[in-house]
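Shared between the two complexes below is chain A, which has chain B as its partner in the first and chain C in the second.
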Partner chain A sequence: MTYAIEARQLTLDRRADSWSAARTRALDGIDLHVPEGAVVGLVGRNGAGKTTLLRTLLGLVTPTRGQSRLLGAPSLDLPDAVRERLGYAAQTPDLFRRLTGLSHLEEMAAVYAHVSLKVAATLAARLDLSLGKRADELSLGDQQKLSLVLALANDPDVLLLDEPMASLDPLSRRDVLRALFGLRERPEPRTVLISSHLLADLERIVSHVLFLREGRVQLFIGWDELLEHLRRVSCPQRPPALSPGQLHWSAHDGGQLLVDTRLVPAPGGACLDMTDVMELLNT
Partner chain B sequence: MYCDGNTLMHMSPLGPRVSFDIQPHDGTPIYRQVVEQVQRLVASGRLAPGAEMPSVRTVAEAHAVNPMTVSKAYSLLEAQGLLSRRRGIGMVVAEGVTPAARPAERLALLQPALDAAAREARQLGIDPTAALDAFERALCQDISKAAL
Partner chain C sequence: MKPQAAASAPVGLSLEEGLADLGLIGPALVTVLALFLALAGAPVPDGAATAVLGLQAALMALVAAGSTSSAIVWTDRWTARVAPSRGSRRARARMVRQLVGVGGVGLAGPLALALSAAIGKRLSPADVPAALLSAFLVLAAAQALGAWCGLAWRGHAGRWVMWGWLVLALAIAWLGPLRHALAAWPLVAALGLAGLALAWVAFGRRLGQPRAWRGVPVFLPSAASTQPMREGWQRLPFADTDEAGRTRDLVAGQDFWRLSWVPVLYLPSVVMLQFLLNPQLWAAQAWGVSVQGMGLFSYPGWMMFLTLVAGNGLIHPGLHWRRRLAPGGLQPGGWAWRTLVGSLGAGVAWWTLLVALAVVLRPTDERELMLSTWPVVLGDLALCFAAAAWARGWCNHQVGLLIAMPLMFLAVLALTVSGWALGWPLVRGGGWLLTELLMAALLCVAAVRRWSQRDLNALAADA
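Right after this comes the complex of A and B.
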């Protein structure tokens, strides 16, 4: 099995001078194996570590311990051959104020071999984005679109997106979801790791979902598998210890237990959507 | 155009064209929704052997869903013998697939939905007579909608 994205015991201590968070870790022993072609939704509350995880995977942040790899190469030492196959859109669009969209693309094309102005122009047209305007003339939503166009311009094999749709209208969001799967047939499906609070959007496209809380992976599971096998059952008393198949106990709503029905029969257990699971895992 | 449950069928010169009704948030995996809709259309005889399925890409684009999910549904239907892959065309309803002749077979396909509705009615404390009335009304509404 080859993994497009891997992390082993990835840990990042917060800075010692951050007194309020002196005892917490931004990332706390993250183990992750994302198979090629997976579309992973990265879900968690504000401050759970989503952005830090993405930035650490990209090598923009050096972990205190542990390591990660993208397309088999260590994050902290990505060769150009791997960089060219990556796409990343930061939460806050990282643009040059005075450059137009087109100039951004030309600058990228000068450095990276696989940047296609044609792909980018087609995508921009689909997103109803003008490439002729300077970045500082664009609305926040359009800046976000430009950032996505840039992330996709090299038709990347691995795409990391940090809240890519937060400022987009519902129609643009739909177009972005479609664009993630490529404007043309790809021999191998793209691997995508996408953080978002727009869970209904994620429910359309993800193959896997990664729930993060306080820098830890709480649950990493196939989305279809979750829908088919995980259920919520009422359980007023916190169990002294979770037995196999019992995934999480939440005090929420009179006491709830998240169970895997393959190990724990739960007749009448309630089906869950992504928001339900996130709520259970965070209470 | 006519309606089978919630799957729209468009009549075209080449025969019926299927477009799926996908509800990403109803708790049923999307691939399973596609599988079940094809099973129903075949069981009712509305999709006959040789009928073409829309391409994976078409379905994924139309619903803004992951193409792998649609592909997974088609592969499962192929494994069940309902669809077969035809070179140059894509997926078609397999030769030799016959509609479920007996009403009992078609009812068996409806059973999971009935079980789910019965469970929810009990959880909501709706008495059986009221639930039956509600189902009858839903049937009538659906039939009149489909007749439009």
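Right after this comes the complex of A and C.
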């Protein structure tokens, strides 16, 4: 299988404070293999390391140990051919305040080989975004929309989105999610890694979900698999050690065990949605 | 919703987001002036040639800093987007175009002036190249220094490079002797050129290297919050409200707020630097000097200039909603008093620094001259800051300041001419200072009353 995004033992240590030598682990030995065409939801609490993981995968942060690859190229040395196929929207829209949306797109078109102004304009119209206004005249939501239009303007094969919908209204969120897969001009499927706290939105689009906690991957699983095979069973006592198929014990709600029914039978186990799994994994 | 968040966060100066070509205007104007002087036919005084050279050197350094800083801003954006390297290459190409353009235009005038001065002094043909080389070296060094400082400003060169501004100020302060020394020892000038070439080579390499330090913090966006609670003093933005209470021209006001760094930085640092170079220019402001003759007109002009600087330099203690809503938080009256006192304090500190520099750098007689001007100009500053605050209290818009300036000129002119006509002793001494301070106090009270009645929401960053 070809992987669009790979990470092996990705670890990042950071100084706790500028005046102290103590170090905290922002990423802790992350192994990740995202197949081409997958849409991965990156889920975790605040400070779990979602943004750091995205930036490290993009080569914007140098890991202390381990390595990652995007489209087969090492993240820290991405050739232009790969960069042409990447799209990224940062958590904070990085726009030039004096430039209009159209000027932003023109700058993109001068830098990327395959920017289609027509497609970008269609997308902007769909999102009800005026491209004639300067970035500093746009509301925060519209800035985020413009940032998304820019990320999609070059029809990327790999798209990394860092909480792209935090400031969008429900209608715009729906349109953005549609745009992630519509307006695609190339035959190959697009690989998307998207971090968000809007789990109901993620549930509608993801093929995989990656739960992150304190810089560690807690669970990386296909969304259909999760729905079909993961169950929550009551377990008041914490097991001395988790056996195969027992994924996580949570003290929440009198003691709960997250199990994989392919390995552990769980008659009467409750079905789970993304919020349930996240709650179990973080308590 | 008001424009907020990242795009309105102060990522860079306005001129750094693509309009750095505007910087060409300053050196071009000086070149036009220099060409006019050179072609006028009359012998050019050495002092004038040196002053033009110093002014051009300062401008070229500032423009070069803007160009490199702009290139870094653009390059950083493309890097953060993981864009193809074409983006960074475009930013660099634009920077090189700007540096070459400004260098070519900026050098032409002072070199023509230096040539004209050399011909006027009937230098031997063998000495003319040395005279030209000295002028060329000064300007090229200033541009290189500015370019490096632009890098350092954005964190792509060590902090210590920022001390280059001080080196430039000192070089301009002793520009006359420096030029003569370079002309007398062409070998030193040639070595200087070789050093410059190395500096440019190192510059090119440094440009591609990652950020060395976080750059000047005040211009960095806050990663933690889109609406950071700004600590400390901020410049008072031009933001007025219309009859319906809506904020008028807030965005345009913010642009002007950014552009207004031009008078705030350029005028004090360039014009005042010229005064620092030659403290005799301050003779008219010294303690005990009579205002008469042309002084009746130049003094109102000086006050108009100070009003422009003060009007653009007003600072305020910030109006973040947290500070306004907190128990015991800022009240309009208290805010207005703090704004006035803080602005005046900053102005006095700036003026005191200038005098202190002159005291350190100049010979004893000029030192005494500068010391004696300190209290006199202190009164001027107090009056101008109070007047500017009062004027902006009525109309906190660019237009308000533009109206206030000629009004200040006319008011002071009317006072001085009337005083002269009535035979009053127009001496810049204790009585003058007292009168100015008294008027300043009255204007301060009026300004505070006016600002207390205004809707301060228009000024709040999070309005």
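Of note:
What we mean here is this: the second predicted complex is superposed on the first by the 272 of 283 C-alpha atoms of A that agree within 3 Å, B and C clash if a C-alpha of one lies under 4 Å from a C-alpha of the other, contacts with A are read in each partner's own complex, and residues count from 1 in each chain.
One rule holds for everything that comes next: a contact is a pair of C-beta atoms (placed from the backbone, for glycine too) under 8 Å apart; a residue touches a chain by one contact, two chains touch by 3 or more.
Computed from a prediction, not measured in an experiment: that's the story for all the values here.
Model built by superposing both complexes on chain A: chain B and chain C fit together without a clash. Applying the stated contact rule after C-alpha superposition, one finds that A:204 touches chain B and leaves chain C untouched. Counting residues of chain A touched by each partner, chain B versus chain C, the larger count belongs to C. Look at A:174: by the touch rule set out above, it reaches chain B but stays clear of chain C.
By the touch criterion defined above, A:110 reaches chain C but does not reach chain B.
Taking the Cα centre of chain A as vertex, the centres of chain B and chain C in the superposed model span 140°, given to the nearest 10. Contact with neither chain B nor chain C is seen for A:195 once the two complexes are overlaid on the shared chain. Applying the stated contact rule after C-alpha superposition, one finds that A:273 touches chain B and leaves chain C untouched. Judged by the touch definition given at the top, the superposed model places A:88 against chain C, while chain B stays out of reach. For the pair chain B and chain C, the least inter-chain C-alpha distance in the overlaid model is 26 Å.
Overlap of the chain B and chain C interfaces on chain A comprises no residues.
Put simply, chain A touches chain C in their complex at residues 58-60, 78, 80, 83-84, 86, 88, 90, 92-99, 107, 110-113, 134-140, 143, 150.
If you check the complex, the residues on chain C that touch chain A are 1, 3-8, 11, 14, 17-19, 77-87, 90, 221, 223, 226, 251, 254-255.
Against chain B, the residues of chain A that register as touching in their complex are 37, 39, 174, 177-178, 181, 185, 189, 200, 203-207, 223-224, 227-228, 268, 271-273.
Looking at the complex, you find that chain B touches chain A at residues 24-25, 27-32, 57, 60-61, 63-69, 119, 123.
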